[in-house]
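Chain nomenclature is as follows: A, B, C and D, assigned in order of appearance, with residue numbering initiated at 1 for each chain independently.
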């Protein structure tokens, strides 16, 4: 049911102008090979949803440096000076979202919810332009569900059906993004046969995963 | 930090009129010993949040049969005829909630969200009396966060710090409820030393858990 | 074959290899036994796992592994366990290819009622509203009438489980699709005449131009 | 001790056995080194685990185990891994006893600004807004001034990270609590006079009746 495909075939699914979710946290648990192949492909005008834009030479940040990104939705861009420069020069649109809100928005997209009500950001510039909903006298920001055309994620061990085990701190946004995109491509550090993963250790069900590519060691 | 307490000490924390969340699905993954002790205690006027009211002789249902429950919030009461009888005779208030909505409401309570927007129940009696929020032209029910005074949950293997592993299908509502109550009491099938559980297998962090009691084999 | 077997056998033909499916309690559960050996479908169990397998032999029963009806089951290679939030993210989030459910009533607009009869039977909706609202394809599998009383209506008069969500109705009498024009009979069981099937149906049946015998 | 060490040492005394704490990047991270051996605190790392331990020796570094700053760390016995949704359920849901964060500005009303200087520096808030909004106790740990410029204000003029959420400010000059009446100086570093401390503070300090030297 799940097919292993080549990195090239994976990148060929990405079109100029698409919205991508890319997993990882400060470039840990990111699909590095897919990012490199996307870099080489020159696909452009991408909207990228990610926790942070990594570094100029690591993670999602490379795509920014290579001018392939039109818009970034992230919680943090401070470790990649190129993101800030492009934003200040009006070359790149940046939407900054509190990290926990971003996590919930992606999760909501995958869970079929319209959004969640969060108290985070009330009384700060984050609430500007957002819908405010009052519940039992408390004010909340309506954080809408997010979805993407394609999610590029990282998996430590992936079985043939696409079930994913994430090692240690590589989990971060990967399982959330795996639920929230039309097409989900996982870059696997290691691929094993179906049944080899303990069903309690799997954090992403294979039914979320469209394709598997072989990743770095 | 986490203290093992006796079942009696646990039940003594429960007061008449309190709101309890009780884990389990059709009495699988329920804290049976805690339920039995609560039964014996005679505490009354309880509000119980649970997936279902189990059976007349199994799970949460026993508390209903023993007339200790004032209100039930659940997704299903059909397997316990006593719940239906008491409801029809006006002795018991029952609020029926779609199972997925109930899961999100409990999760939202634990996650500090005000609630979530769900499309489930639109166009059905479930939307009566609920606030409807429109997002991008779609109508959603505002499902408010739920919290409880005390959660009684089941854990298959629990370490001294309260970290919980749930075996197979016993997980269900337990990890959600563990996040959403002031006091969380886990009934452990087996208690192990801190560090004995693989940190990838733990589904509930010990920091959610107030007390551990020893459960059935 | 008895009516339930006819229905379960026919529902099983709705699936293709790799489909992710949730089968409701009762008759829908029987469908699993009729799925062709040429295809593999992945069954989701809303109490918390995918990869639902058949009931184990008695000496292999595991107390912690049950389906949403509380019955002992098994998990197949490639399955996984999760909590109720993840279970319903899968269901509500559109990740199920199909769900198969029973009905008290279903109507030509695709409305479904299966969770209560006011003042009489109020079991609750369990996961049914989420399943009906979230699955890509909602198949109602049931006996055509309730001992002669209509269940396939012009318009449901019982409280709804979901509005306009049903794709297909499969009974021992035939297969009906919900279309914009109404209820389209695409297959029938030759043990019944078209007149008998219409008589057992409150809604007006539209007979498909490619009507065939039930496969 | 240099100012940062003085601050980290003092912040470490805020905790009691069993506290669950998130330490921000930079100076706050140093706090872990000063926690008394008599107590055990549980450190949460917002990238996805609890039980954060110190950096490993170089040959024991694991590529997949880093803190929220991307630095190699260890996990202690009794820790666990989770995804970003669970991480922020812990943070936003009120399950942290305390968080320690730096500030660009903090004011007498407990407002905090630490995520942007318009037109100049826009790193983003990362997890800071959630931490400030969710932790039971928000401790600002920073040098008292920015090379002489005030950071402890009557009212922040930079965009806020959180409104009215700060409990306590700890600098190399002293310890200040946010109270309804204003900024209460409860401890001071005897290397400075009260006049010097006030001069370095834009907000008016209220001197506690039980003012003591920094512990």
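Methods note: contacts are C-beta pairs under 8 Å (C-beta built on N, C-alpha and C of every residue); 3 or more make two chains touch, one makes a residue touch a chain.
Values in this document were obtained by computation on a predicted structure and should not be read as measured data.
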>> Touching both chain A and chain D, which chains are there?
In response: B
> Higher C-beta contact count, B-C or A-C?
Replying inline: B-C
>> Centroid from C-alpha atoms only, then distance chain A to chain B, rounded to Å. What do you get?
In response: 32
>> Between chain C and chain D, what distance separates the C-alpha centroids? Give it in angstrom.
In response: 55
>> Averaging over Cα atoms per chain, report the distance between chain B and chain C in Å.
In response: 29
>> Measuring centre to centre with CA averages, how many angstrom lie between chain A and chain C?
In response: 35
>> Show the residues in chain D shared as contacts by 2 or more other chains, in ascending order.
In response: 49, 75, 81-82, 85, 88, 91-92, 133-134
>> By the touch rule stated above, which residues of chain B touch at least two different other chains?
In response: 104, 107, 111-113, 118-119, 167-168, 200
> What are the touching chain pairs in this one?
Replying inline: A-B, A-C, A-D, B-C, B-D
> Which part of chain B faces chain D closely enough to touch in the complex?
Replying inline: 1, 107, 109-113, 159-161, 163, 179, 194-195, 197, 199-200, 202, 205-208
> Given the complex with chain D, which residues does chain A contribute to the contact?
Replying inline: 25-29, 51-52, 74-79, 84, 87-88, 94, 96, 98-104, 107, 118-126, 156, 166-176, 203
>> So in the complex, the part of chain C that touches chain A is made up of which residues?
In response: 17-18, 20, 40, 42, 44, 49-51, 75, 77-82, 85, 88-95, 133-134
> Tell me, which parts of chain A touch chain B in their complex?
Replying inline: 104, 108, 111-119, 133, 135-136, 138, 140, 142, 144-145, 165, 167-168, 198, 200-201
>> Considering only the defined contacts, which chain C positions touch chain B in the complex?
In response: 45-49, 62-66, 68-70, 75, 81-85, 87-88, 91-92, 119, 121-130, 133-134, 159-164
